[in-house]
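Below: one structure in structure tokens.
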Amino acid sequence: MAKKSIDLTVRIGKLKLKNPVMTASGTFGYGDEYAEFIDLNKLGAIVVKGLSLKPKEGNPPPRIVETPSGMLNAIGLQNIGINNFIKKKLPFLRQFNTPIIVNFFGDSIAEYVRAAEKLSASDGVSALEMNISCPNKQAGWSIFGTDPKVTSRIVTEVRKATDRTLIVKLSPNVTDIALMARVAEDAGADAVSLINTLTGMAIDIKTRRPKLANIVGGLSGPAVKPVAVRMVWQCYKAVQIPIIGMGGIVSPEDAIEFILAGASAVAVGTGNFIRPDITINIINGIRSFMETEGIKSINDLKGAVQC
Amino acid sequence: MAKKSIDLTVRIGKLKLKNPVMTASGTFGYGDEYAEFIDLNKLGAIVVKGLSLKPKEGNPPPRIVETPSGMLNAIGLQNIGINNFIKKKLPFLRQFNTPIIVNFFGDSIAEYVRAAEKLSASDGVSALEMNISCPNKQAGWSIFGTDPKVTSRIVTEVRKATDRTLIVKLSPNVTDIALMARVAEDAGADAVSLINTLTGMAIDIKTRRPKLANIVGGLSGPAVKPVAVRMVWQCYKAVQIPIIGMGGIVSPEDAIEFILAGASAVAVGTGNFIRPDITINIINGIRSFMETEGIKSINDLKGAVQC
Amino acid sequence: MNRLFHASVAENKQLIKNHYLLTLRPLENIKKPKPGNFFMVAVDNGLDPLLKRPISIHRWLDGDFQLLYRVAGKGTSILGGKKPGDILEILGPLGNGFPLNIKSENIILVAGGLGIAPIFALAELLRKRNPSLFCGARTKNEVLCTDELKDIGIDPVVATDDGSSGKKGNIVNVLKEHIKTSHVTDNILFACGPEPMLKALSTLAEKLNLQGYIALEQHMACGLGTCLGCVVKTTKGYKRVCKEGPVFPIEDILWE
Amino acid sequence: MNRLFHASVAENKQLIKNHYLLTLRPLENIKKPKPGNFFMVAVDNGLDPLLKRPISIHRWLDGDFQLLYRVAGKGTSILGGKKPGDILEILGPLGNGFPLNIKSENIILVAGGLGIAPIFALAELLRKRNPSLFCGARTKNEVLCTDELKDIGIDPVVATDDGSSGKKGNIVNVLKEHIKTSHVTDNILFACGPEPMLKALSTLAEKLNLQGYIALEQHMACGLGTCLGCVVKTTKGYKRVCKEGPVFPIEDILWE
């Protein structure tokens, strides 16, 4: 059978994924809502909604606005907290033969470290993804992931706290994304994932109020894809560690574009809202493309763009 | 008549515009091609394609790619050069009762200064717009407008070279756009305009080659609007000088959104490709909106978003 | 029973300006929706509009079903252009729906404007129990579903802002009068409509100590409870309209 | 005579798989297009696809006009769904068109695949001068416009890649043979088709010192010469396909 001869497996740190398609944090909940639509065993990995030590209420509504070929969200990192996740969600997720990557964040470096320790002590957490696109309480709420020095320090500290595969999720709201990837690599990250959302804003011209209660929010979806592909390509030239590419992936072609730009794996975010089974369509589509083009291993596509 | 009582005039430095709608550089040529579709007298201002001292050939094709609700371009700053512009295009443009803003750039600070001097000696050039989103030959082709120190130096030097209204056009590919606006203000800019294009990339998965010969290009159009509105709002809080807002404006509502965010005037770029008469529709639409809402002066809308 | 399915347009009838009744024929077996459930409807296959649109079940016709919608913007205006035979991708039924194990004998339904879309489904289901229906609208021709209501034997109390049909004024005030004069105590309210109406209703319910449920709207991305985009503030914290709602106990909602 | 106009779809006929003949009725007075001119067609009012699509004039029918197009991607696939009565926003006619003050007695037209779209317009105009038409296609049913050509009294020489119609093989080789055996010297070529065909033709033209004009394609944003997006490399520098082109002297083009 043709299917058999095609190798979709990829490695991210210590993880071996059966295929390169994962879910993007915050767009797949804790996986359970999607089990009705797809076989969770078929995913490369499941990345869950970002968790913090304590549950977080999130921002007041409205939290989302549609924009041309994209959307803005300002969920405010609402989550059930790490303890609840471990107790209530992880047992369900552990049933599947799919790595669970836990996205997490904190208000301070100390919180990041404690979160990483706690998650690393839990069975069934396959890898950690640090979201550094969040406000740093200690530094007047500026964003951790936009200052290379802060990024370096926080990744170094978290690295000491975990022996799980550590993925650093980069913010695209920076002048030099390749620098941020290098900083993460040097500080001990096993992989980087990008892009998180681009900061955006929308205003209701009738009420003259921002359409999001939080004023600004994160732009995601097909609109941002060209920026995301560019950033993945820049990072691929800058670092040795694997890259997980995301930002507007809604088709197999989109996923392949990221892989050609240098991504070892990809994540589907906003696409899950368009169709809850989109990840499976993308996996199948990548396989068909490889069959048609006679490509044996997905790794042959990685970074294969000819510039 | 209701029309009479509505005041659309705005001030940018020494310029008084009859309305806040101008064209964005590079999307309106030198104005002549559009005279067939619209009365150029009706525009707030015409901003022409970016000029350099010598004519520039630009990048090899393909130079443009459509993306979801947007487009990437890598024209490579092709232009006829300042001398040809003054000789061949300016006499036509001078016929109209509309300020002509000349967008310009150089390979080095010295070139910027010479270009500004030359343009300032020309009758009919109402204001200068410095495009600092271009590569700096002296600094290994890194972008002028992403380093605050370089931006400060180049604006200071150009400021000395011209007494025309000087607009600095900011690159959005930076961590802190408000900082860049402040730097431009401190260095003597009369106004800032933003956003220039976001750097992006697209790959043809069949040929595995970038879809643009230049590999990367600039993303524009409705896709980027949320990022542009956010940046205008951030700059409005940071500087006193007027802001010219742009990025994805294709409707009167879009234009008003930028004005509420803090823009004194707006520019329409990619929208001109969708409909050559779009600027006029936008001007008329702004006026109707103000009539309906009972707003007397466009300045009452400026920065009026309630956060 | 797939909750992600396709349906073909059987009819897309314009009722009045900007208001359409869309009859859909699912191409797969679907779960029968409860009143208060909604569907996320993809208006086309493109990337703009990007997200599906939430629309309530209006009427279940033994397999076929109907949506009643108003052209409010980009997405619903594309929907308005659909012709018989066009195929739509749809997710649902979604949400909790109205609670149906009601003990109270006095069922009061309140629909403001297009709130009749989901309230009709509930009225049809509860019609044997003689619910009273209060319909508010801006003007006469925006009083919707009058024929359909007659079909199911319900004669609504109507109020319009301009008095062109029924009483003149606010439907909540009309309801208030009704409750005052009826002297019945175990009323239970079910309502859907614009926020100002629901707020007024909630004030009334608090004052008169009425039990009640209201269907809310909020911008949605997933419709499945995963994006956390559609929350409303309740006495129990933020709750998702798509999952814990769209129907909430009226006393739980914390209005701005 | 507005070059930005609206037209209603009179007919949108599928010829073969993915190929359509679209008949449009302008709602305003438009400028009569020349062969080689093109239109920028907005496939809908949405923001995705964002840009208009360039399509050549295929046939001018005294006010109505026809476009012949292939579904190549997102935009043309939306176009394929258009029904009679639908309204399209269009810009044009644009571009320079084929030069028409031709002295040569021996007019040779070459169309590769859908290259027949603009070449037909030229053939119709020049038909009194007995042009020879060479049509290449992949296979028999992709040889288009055979009936239309008969109508205007032109009998094309056909070649298909698989030999299912006409000669087997490359149309440029067939043309080469023809020129060799015809012993005529003042041939003039007009061609449109895929890049490999045009390249081969340009090699042939150089070798045999033939004069000729070819219509090129390039991605376009404005269609008006302002965005500088659509350039091709020529012996005189970068030239805009939408403005200096789409028709260029064959010897001017610098192929990669």
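The chains carry the letters A, B, C and D, assigned in the order they are written, with residues numbered from 1 in each.
The criterion applied here is as follows: contacts are C-beta pairs under 8 Å (C-beta built on N, C-alpha and C of every residue); 3 or more make two chains touch, one makes a residue touch a chain.
All of these numbers come straight from a predicted model, not from anything done at the bench.
The chains that touch both chain B and chain D are A, C.
Compared on C-beta pairs in contact, A-C and A-D come out with A-C as the pair having more. Comparing the centres of all chains, each the average of its CA atoms, the largest separation from chain C belongs to D. Chain C has its Cα centroid 36 Å from the Cα centroid of chain A. Chain centres here are Cα means. That of chain A falls 34 Å from that of chain B. Spacing of chain A relative to chain D, judged by their CA centroids, is 46 angstrom.
One inter-chain figure worth recording: chain C and chain D are separated by 54 Å, centre to centre, where each centre is the mean of the chain's CA atoms. Contact with two or more other chains is made by residues 68-70, 221-222 of chain A.
Residue positions of chain D touching 2 or more other chains, listed in rising order: 47-48. The touch graph of these protein chains is complete, with an edge between every pair of chains. Within the complex, the chain C residues that touch chain B are 47-48.
Of all residues in chain B, only 26-29, 33-34, 36-37, 49, 57-58, 60-66, 68-71, 73, 75, 78, 221-222, 250, 270, 272-277 touch chain D in the complex they form.
Across the complex, chain C meets chain A through its residues 3-4, 42, 47-52, 89, 91, 218-233, 237-238. Looking at the complex, you find that chain B touches chain A at residues 67-70, 72, 146, 173-176, 198-203, 205-210, 215-217, 219, 221-227, 229-230, 233, 248, 253, 256-257, 260-261, 289, 293, 304-307. Of all residues in chain B, those touching chain C in their complex are 68-69, 222.
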